[in-house]
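In order of appearance the chains are A, B, C and D, and numbering begins at 1 in each one.
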Amino acid sequence: MIGDMNSTIELAERGAARIEWIRSRMPLLARARDELAVSRPFEGHRIGMSLHLEPKTAVLLETLVAGGAEVVGTGNHGSTQDDVVAFLVRGGMTLFGRRDDTLEEHLAHVGQVLDSRPDMLLDNGGDLAAGVVARGTADEIVGGTEETTSGGDRLRGELAGAVSFPMIVINDSLLKAIGENKHAVGQSVVESFMRITNLMVPGRRFVVFGYGWCGRGVAHYLRALGGKVAVVEVDELKAFEAALDGFRVSEAEGVAAWGDVFITATGHPGVVTLETIGLMHDGAVLANCGHFPWEIDVEGLRAASTSRREIVDAVERIDLPDGRHVILLAGGRMFNLAGTEPKGNSLESMDLGFLLQTLSLERVATGAATLTPGAQPVPDDIDRTIARRMLGELRADS
Amino acid sequence: MIGDMNSTIELAERGAARIEWIRSRMPLLARARDELAVSRPFEGHRIGMSLHLEPKTAVLLETLVAGGAEVVGTGNHGSTQDDVVAFLVRGGMTLFGRRDDTLEEHLAHVGQVLDSRPDMLLDNGGDLAAGVVARGTADEIVGGTEETTSGGDRLRGELAGAVSFPMIVINDSLLKAIGENKHAVGQSVVESFMRITNLMVPGRRFVVFGYGWCGRGVAHYLRALGGKVAVVEVDELKAFEAALDGFRVSEAEGVAAWGDVFITATGHPGVVTLETIGLMHDGAVLANCGHFPWEIDVEGLRAASTSRREIVDAVERIDLPDGRHVILLAGGRMFNLAGTEPKGNSLESMDLGFLLQTLSLERVATGAATLTPGAQPVPDDIDRTIARRMLGELRADS
Amino acid sequence: MIGDMNSTIELAERGAARIEWIRSRMPLLARARDELAVSRPFEGHRIGMSLHLEPKTAVLLETLVAGGAEVVGTGNHGSTQDDVVAFLVRGGMTLFGRRDDTLEEHLAHVGQVLDSRPDMLLDNGGDLAAGVVARGTADEIVGGTEETTSGGDRLRGELAGAVSFPMIVINDSLLKAIGENKHAVGQSVVESFMRITNLMVPGRRFVVFGYGWCGRGVAHYLRALGGKVAVVEVDELKAFEAALDGFRVSEAEGVAAWGDVFITATGHPGVVTLETIGLMHDGAVLANCGHFPWEIDVEGLRAASTSRREIVDAVERIDLPDGRHVILLAGGRMFNLAGTEPKGNSLESMDLGFLLQTLSLERVATGAATLTPGAQPVPDDIDRTIARRMLGELRADS
Amino acid sequence: MIGDMNSTIELAERGAARIEWIRSRMPLLARARDELAVSRPFEGHRIGMSLHLEPKTAVLLETLVAGGAEVVGTGNHGSTQDDVVAFLVRGGMTLFGRRDDTLEEHLAHVGQVLDSRPDMLLDNGGDLAAGVVARGTADEIVGGTEETTSGGDRLRGELAGAVSFPMIVINDSLLKAIGENKHAVGQSVVESFMRITNLMVPGRRFVVFGYGWCGRGVAHYLRALGGKVAVVEVDELKAFEAALDGFRVSEAEGVAAWGDVFITATGHPGVVTLETIGLMHDGAVLANCGHFPWEIDVEGLRAASTSRREIVDAVERIDLPDGRHVILLAGGRMFNLAGTEPKGNSLESMDLGFLLQTLSLERVATGAATLTPGAQPVPDDIDRTIARRMLGELRADS
């Protein structure tokens, strides 16, 4: 077992090293850590959490612990970074899960988190809240936060009524839509396109599907870098906005033969169909940045192909019966999290999102009475506090 | 009286000539005119109207008449264009008012409109609706439209309950916010700054007050033309948005000495104070594009001045006791409607806004039962119809 | 004659008023005026000049007089502004010409300028230099400046050898290309398009002919305002530059049906042909900003038309036999100098150009020996001095 | 030795795999390969070459071989990629050198290339040309190309006269300045900044040193992504250009405390001094993209530091005695070639640069008589041919 111990120590060291740079560039959490270390709002609370376990999340968890929290948690299935877990466990947190967990193992870990009887939840997709409801232990919960819009939908849908405690939905914050979905995803998508493909952006023809928060960001940043950008959007009001923003706005068929790179950002399935792909020119590039890997009909495409293979990391060449080929990035999954050493959203945008988490959890701990049961947006004063702090950190006034 | 008749004919001819170009570039209204000439939804309706009487409005009124309406109306105080009125009256409308009317005369005209017992209202600022309520003739009214947000506020405030008929508030439409407040005002403000001052934009330092729809447009278009732009905004969420959009964001004092041109777009009084002006450099330029002439403290400024005079059209030099001077555009009134031959918002943006009017009035005439009493937004399907038509007219897909 | 005198006084007053704002915003010339009033480099020199006589030129001439010069001059044919002349004559200059002069009268005025036996020239198009050569009085001339590239070509062509004195060609300066041709014309063209037509820029489809200094500016500023811009350019290196700058780059036929507004900036004749116009959609707008009114085939177009008439100032509707019509701005002449109250290039860009004139004339007066006979570029140290001063006036460092 | 053979095969396979994607996205070279395979201009020629040996170069070399060339070459010291070499050697080229060569070994390889008695040169920095001159074998050389400006300077300086054969200097081409220095480096620098640091670009304050081709690109792309950008430039004409392009333009001291990230692109030593660093705020980031690692005073900085260490790949934290620290990227070497998996310039920009090489070498082989001895620019018709082909490949007209 000594070998194991050594390798755990090594793992934890590696985690520590990777977190250092990141922590040093998350000043909003740093300040919160200092403040919470004095006020200790989470003293006596056990926070059950379920969130992507990577270095940025580690800085959030350190902040909660500094505020007195006991953290018991697990990651998302398949994305847990073992060195980060090793580092955090060494620091005293109770975390379940490894990168290679099977789905059953993962679900067992969610159960273990609930077994620990947390009285606060840091949820992601509604799994913890649903578990609490299923176990009938909702009255043990002071409240919590939910990271995603789809978790929020679940709280307002199937779990409505059953969730007797306040759950603040982080992703509904306008701050997050602007800071993360528009600007951070926009930046991350152009960075990833360049990093993965090494192709030239200026003068290239891009088609962006969706002109919501993410699509707006992607379309703007691609054009800013000299790309020619067309937008496909089913909502005519957003299509109108895109047109006045100076973009070509068309149905997919109208730009399929024109476009060179096709990027989906709609959150909806089946957006790029086999039919549309049939109109594209030889060598067209397909990529998705929406949450689910369903926006491009990858299955249909692969089924229709005569051969396919990964040429370089995250770049798959798919040959079609008519002699054309298309290039699929990251197998249709979020391509800004793919390829060698993906960075994901910028540190500052995550700092912002995690301060939303931190101050919302603090509100739950210290002012649950000011909240209502069930899903609700981030309290306005928290949004404003964070906006002000972020303006300060950016030194926006100079 | 023959002289008078001649001059009226001449006036009407002049009006006709000025309207021709404008009408030819309002394709949304042209199409509506054709359609309404067939469906005749306003047959038997008398529309009492109060709206800025200038060439673009004329095209709206022609459209309503083509749809069968009888139009009885008056303009805004002080902005009525006599040639346009002469032209429209010759065409059969009943319009009261001249450019030089006193305020009493103007109010009398509003009364005259109501005297005609209209059954529909095309209102502006709530004056007609308030008059109807005051006269107790609300039950004669099928419904109508209100152009402005402040009129909408009045309908929802002092007139709430008393207004038993539906009033669709045009300015609340997102289409209008984007098409007019952001893009058309943005365009118009940069055009007017260049037209009035003949100053260079690239490299110049602008401070924009307000980052609402108009402020966003103004800030973006100035920067697009190479200006260096700082934003002053009291709402921290919008300030945050401006910062991520790449603008310097500061309190007024932080950029008063830096800025060279100061443009207000807040809708609030007293935004540029004497104190802030006291920090500006010699020759700073002050301009407002908000609705009311109260955003810059013009009275205070003039009172504090040692001398002042209009150097060229809409450009006033105001000398201050400490030897500095500032330049005030258009006396602090909306400077994009000032100077020699101001053009106002682009034809297409007005075409859009007036189609919102037309289709909303059509809905009132044909589907009042689908509406609720009092102020309400433009029905969603109308917004979407117009967005689609505008995309078509723009040939956005090419 | 008292009436005449009165009207001259009135005219001079009007000129004075129009010049005041302009003079107050030409700080480079203001500083030069102060410096030259001390050094008096033009003491004893008579400068024969021929330059567009409008308010900005007046500030240049005042500066030369402050430096001790005696000015004897005339304007361009057809563009002389009588009030400006009246003002300058009152101040002691000898100026010939009025707005309504016939071509003969104008040529006679050029002769009168030469009759005065100037020893320095401020030339425009090479007319004065050619006159001096023709009269055989070249040895009386110390040297001078030539404003235009075509004047420079003449000096290097037909007049080569015959011009025994140094002539500094102002328009060859890189400073001028950037400050005037690119940025000032770009700004002026978008301003004029909006001012003359009142059409919306964002989302509109523009085709720019030529991607030289002017074309680059026009294309960039139109796109900056949200326009969709294609470039037509015969030089493949510049076409390549335009493509990497993100523009669509095509032959005229490829974008004739796509475009909505066509703007020429090539300096070459016959760029927009009847054939290309034949491909345009109904209502296309044609405009030129090149120096000569020959870039659009206006004659051919008018000859082919079934009817035509000016709808509003500088906006001509030309109906074609096939039922389509096109809109021609300013009759194909530089449309940024057309319409009601054109402003021309920004004050600061003219300040820059005229300081080039002033310091070049100073160099001729004080250091002719350092110059060579005939056409030559602005001495490098003058370009650099002016660049530094302009950076200072712009407060570029803040 | 079987192990060795196996590992070489494996190495060559890896090289082949890495080259496939790249080759598939270099269409200009693909077309040249097809054409040269027919015309065989290099038949009977041995090209001695010295160029960075990485996958993109491999595609160039394949093209020369397709044209009949025998290639004998070596790489730059320290940057040779062994798998690429293995792949090319397997294909029949004679290449010397490995990544780990000492400087002596590298210089010996240059000698080996010359020992092979090439009759054409593909040079880089002038080493081969200088070697030929030193050996007195210049008369064996038909001619060649020189990749770099500094090699060109050497040919025009110390080697002037001695080089009796034509050497076409690739880097002097305007095409390359625009396509590579401005756009490709601009793109690569923003990509690398994001990839290496994971920091947010919008709203961040950048100071760019130099406004030459690279600096222009860097400044424009950073601003396009929402960065606030100041420019430091010693040449006042370029400083003026930057100011009119809307950048803040300042001396280093004026923006040292303001800036957050400092990027050098001047080609000159000692641009960021210890003095300037002394004014920066805690945590400022320093990076260089100029060719030599001398623009930031790294030695002085490290000498002055209390401690320093690499936190993550290419990110070095340097602590200063006064308690502040700075972050140095890539040790002051070109940071767009640093970090994990740097991509370097975009494939299309390299395709362009290598077609310049190919067609220039073809001209040397087939038309040396049309060239002059010594350094000279790329023949104009080649530039134009390539511009046209690139426009075609970009499908710039759509």
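Rule of thumb we're sticking to: a contact is a pair of C-beta atoms (placed from the backbone, for glycine too) under 8 Å apart; a residue touches a chain by one contact, two chains touch by 3 or more.
Only a predicted model underlies this, so the values are computations on that prediction, with no experimental measurement involved.
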Fill in: Any chain that touches subunit D and subunit C
A, B
Worksheet, complete the sentence: Per the touch definition, the chains contacting both subunit B and subunit C are A, D
Discussion item. Farthest chain from subunit C, going by mean C-alpha coordinates, please.
Written reply: A
Response to the item:
By C-beta contact count, A-B versus A-C, the higher one is A-B
Worksheet entry | Separation of mean Cα positions, subunit C and subunit A [Å, integer] | 56
Worksheet entry | Distance between chain centroids, defined by C-alpha means - subunit A, subunit D (Å) | 36
Discussion item. Between subunit A and subunit B, what distance separates the C-alpha centroids? Give it in angstrom.
Written reply: 42
Worksheet entry | Multi-chain contact residues (two or more partners), subunit B | 183, 202-203, 226, 243-244, 248, 394, 396, 398
Worksheet entry | Parts of subunit B lying in touch with subunit C, wherever the complex brings them together | 17-18, 20-22, 24-25, 183-184, 187-188, 190-191, 194-195, 197-205, 221, 224-226, 258, 260, 283, 311-312, 315, 340-341, 343-344, 346-349, 394-396, 398
Discussion item. Show me the residue ranges of subunit B that touch subunit A in the complex, using the header's touch definition.
Written reply: 174-175, 178-179, 182-183, 236-237, 239-241, 243-244, 248-251, 254-255, 383-384, 387-388, 390-391, 394, 396-398
Item to complete: Using the touch definition up top, name the residues of subunit B that touch subunit D in the complex.
Response: 202-203, 223, 226-228, 243-246, 248
